[in-house]
Amino acid sequence: MRTKKIINAGEDAVDEMLDGILLAHGDVLRAADASPRAIVARDGPRPGKVGLVIGGGSGHEPTFVGFVGRGLADAAAIGNVFASPPPDPALACVQEVDGGAGVLFMYGNYAGDVMNFDMAAEMAAMEDIVVRTVLTTDDVASAPPDAKETRRGVAGNFFIFKAAGAAADEMMSLEEVERVARHANVRTHTMGVALSPCSLPQTRRWNFDLGPEEMEIGMGIHGEPGIARGPLKPADAIVDEMMDRIFDEMGAARGDRVAVLVNGLGATPLMELYIMNRRVQARLVRAGLTTHATWVGNYCTSLEMAGASVTCMHLDDELARLIDRPCHCAMFRVV
Amino acid sequence: MRTKKIINAGEDAVDEMLDGILLAHGDVLRAADASPRAIVARDGPRPGKVGLVIGGGSGHEPTFVGFVGRGLADAAAIGNVFASPPPDPALACVQEVDGGAGVLFMYGNYAGDVMNFDMAAEMAAMEDIVVRTVLTTDDVASAPPDAKETRRGVAGNFFIFKAAGAAADEMMSLEEVERVARHANVRTHTMGVALSPCSLPQTRRWNFDLGPEEMEIGMGIHGEPGIARGPLKPADAIVDEMMDRIFDEMGAARGDRVAVLVNGLGATPLMELYIMNRRVQARLVRAGLTTHATWVGNYCTSLEMAGASVTCMHLDDELARLIDRPCHCAMFRVV
Amino acid sequence: MAVTGADLIGAFAAIAAKMAAERDALCALDGEIGDGDHGIGMALGFGAVREALAELGDDAAPTEVLNTAARAFLSAVGASTGPLYATALMRAGAAVKGKDVLADGDAAALIAAMAEGIAHRGKAAPGQKTMLDAWVPAAAAAEAADGSFAEVLAAAAAAAEAGAEATAEMQATMGRAARLGERSLGHRDPGAVSAAMLIGVLAETLR
Amino acid sequence: MAVTGADLIGAFAAIAAKMAAERDALCALDGEIGDGDHGIGMALGFGAVREALAELGDDAAPTEVLNTAARAFLSAVGASTGPLYATALMRAGAAVKGKDVLADGDAAALIAAMAEGIAHRGKAAPGQKTMLDAWVPAAAAAEAADGSFAEVLAAAAAAAEAGAEATAEMQATMGRAARLGERSLGHRDPGAVSAAMLIGVLAETLR
């Protein structure tokens, strides 16, 4: 029994998706000549600006391709579903966005992505383009605090990319954009919960089992097992579990500001995300924190997985300014 | 076995969702004093402007509440899940948005909505506020062409409300806004397909059965049975079936312009919607039509139903201008 | 026998209990030809009616009880049933206006007023596969019954029950199910089924 | 015996067929402790290798075959396996550079080069529950085997098989599964399992 999808051949899904994206958003996006899997902002890269290249596997839309556009990422390298892109499209991205000020790679901390993007960076170095790399590691569920640097990057990408993209848009130097990106990453924490599996277009099988009354706390955005599996709880209890962990990690003081993302994994209705947001905001108020901005919706998905994550970015003046800075992407705008 | 949802008590889902929405979008939205189920644009209603009030059952988010904001709807009356709001919140909306130029009710053509909004309109008349009504009937699957006026309103609401909202924002008279709304409705056609059922928060049971390899063409956005049930087809075949019907209805001539919405019903990933869009655009090109604008995403959902719809609005100069006009809603913007 | 406002309050409480118990079954019926929420509306609506009536004194007049019920039902529910039952209850209230207690002859008047209210608000006719197909036969049977309050209601309940069963053979031409055409055949109309339950509870409690 | 470039092309075609056949089984293994796509990458990658090699003439030198395979695998796959197998194949190509045919002694060199390439690119060590736990024992067995090309590969295949089985008892400390801690116990590493399949096909075809 195959899972139900509105696709043609599973092998063609990513390329056909990109066709559909370029047809819908041709005003903002184009494919690089050198690679159809390198999607570039029409109005992003410019001389003297640090180029920001993001990327990773497909299946997380609008992450990554949807965050390409002026003020955010200059290009995205697109992999197969849940698979890092090979070096070629990443290198094509670098070539397209290099404005002479260097290029920053940003992507989630996964072994495959690291190997492929590193190879691309080596190839870029041979063309005398300086490429630096910042990995996102916002998923607090994926490793204990003493091994933070091994954590996965998940929905918090959204804030971390946004901050770095705004820094580059402000024409900061490569060193400065890299500093901002690392700072944003350290200040961003995400915790997720999955209620159902997802399925790859090529296999059309559920990629893991979850009992009819179960949820998994901390599941990764590719269905990687999380921290713990247990009975499905009410929304407030789920959010409390998330917020307790996030507060622990964040170490914010009363009066501090945060930006919030309540993210759906693909099959969870906005109704549920807003019900979660109600509790998130209640917990922030109780902790004496101020919500500077809130986004609710599907920002980093896992195909048709049901579930959600909460991300808090602990702001300072610089991060608040960068998060507020306008951007114009195919699937995300700040005005 | 209950369906999985991230909610608290099912009975509280709508009110808790609204709390979460107001917490996230308090800059754009507020609740009316007279009714917590009447959500009003902070920066919408103004003296001399026709007030646009939309509404209907919950569970379709971002429809209706997400389309409240300057340049689109001035207020939305919010019902229980899949249930028309009672007259009270609709009347509260009228009172909040009346700027002396009259109020237009717009909502999908469902018996419940008609009865409740009509009662509200009668109550408004007793307060000497003129209320006119335009029902949306874009779902081509819901009745044959000789009974167009009995059709349901579905995702095409998006375009029809947008056009009317822009007309009101241009300070057209009530007669003119009503004319635009009717014209937009006549020019807008939607065809949908469902791949899975959805479940109400109060029952947590699937509200219909669909076989593991089946899809239903023309299913309504509350799970009302559609035209035909059959084996799941490839994306291109599904889109072809939709576009054939839409072309028949639209009667557009080569060279004409359309606006396109590829809409997800809740659990269908963006990947699938963009794969559909690829074919939609290919069919439009083949028909000699020009795509003026395309939106892809979850605009009118049915809780966690899997499936999608395609809407085409057949533009003329006036509709193109109105669709392009900026608006600033909680969950939708044109800039 | 004489039916007081307090008796009506008791009857509404019993209706609320019945609808709560049948909620999921009514939703399942509505799932076959509609949007699967009919039981929710009925349970929610009569739950709200029960709560609103609990605020009234035991000496409330029948009209006050019925009008209060109408308002409570409408605000809680919306949907199709909100305006239909609110109008029905308003009409029922009007039909017994000024009476402190209801006499045997009022039973048929109550049911007839309810049926008229529903017909007025919904603009449906019998045979279109709606709740009217329970209410109209009920009103006719009540009119013809000519006995005690309880006997009249029992006749109405039996007719409503039969009317609801008969909707399975009807093709819907009104409401959500109308778009189904022939596919609506073989399924009972949920609104007619809940109407028969409602009248059945009235017959059991107002005796 | 002497192994030609054409023999290698044939071996890669057999690997492609094997990975296509085992695709869903490898995905299922990866679903237990990873992201469920390992079979897709292996099938896609060796499918692309087979296609790229079909463009080469039958007289292609072993190094050219291995380098072409490396590039084809990498561009088609990405993921973790892309760089790992691309590097392995590049190293293998370098190890037999300049040779028109491979002799018995080259079998161990090939397997050792593959293992080194994977270790270099992935920075893992044996015992971390990765494909290295198949490749490193395979290289050691090949080194020790000292017989015909086919005998060396058979020894390597047996060791890889045992190595892959042994990963079930390992706790992952590298790759996606590392975040699982003890929950990775009891599951074989998908990359080690596919490595054993790959070496097994080599042993069957290059004889």
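Here the chain labels run A, B, C and D in written order, and each chain numbers its own residues starting at 1.
The definition used in the following text is that a residue touches a chain if its C-beta (ideal position, glycine included) is under 8 Å from a C-beta of that chain, and two chains touch if they have at least 3 such contacts.
Note that this is a predicted model, so its numbers are computed, not measured.
With centres computed as the average of Cα coordinates, no chain lies farther from chain A than C. The mean-CA centres of chain C and chain D are about 73 angstrom from one another, to the nearest whole unit. Mean C-alpha position of chain A lies 32 Å from that of chain D. If you average the CA atoms of chain A and of chain C, the two centres end up 54 Å from each other.
Taken as a contact graph, with one node per protein chain and an edge wherever two chains touch, the assembly forms an open path, each chain linked only to its neighbours along a line. The complete set of chain-chain contacts reads A-B, A-D, B-C. Per the touch definition, chain B reaches chain C in the complex via residues 11, 57, 79-88, 110-112, 115-116, 119, 142-143, 150, 152, 200, 202-203, 205, 207-208, 220, 222-225.
Of all residues in chain A, only 1-2, 4-9, 13-14, 16-21, 23-25, 58-59, 61-62, 66, 193, 195-196, 201, 212-213, 215, 232, 234-236, 238, 262, 266-278, 281, 291, 294-298, 301, 303-304, 306-308, 328, 331, 333, 335 touch chain B in the complex they form. Residues 23-24, 27-28, 31-37, 39-41, 44, 74-84, 121-122, 174-180, 183 of chain C are the ones touching chain B in the complex.
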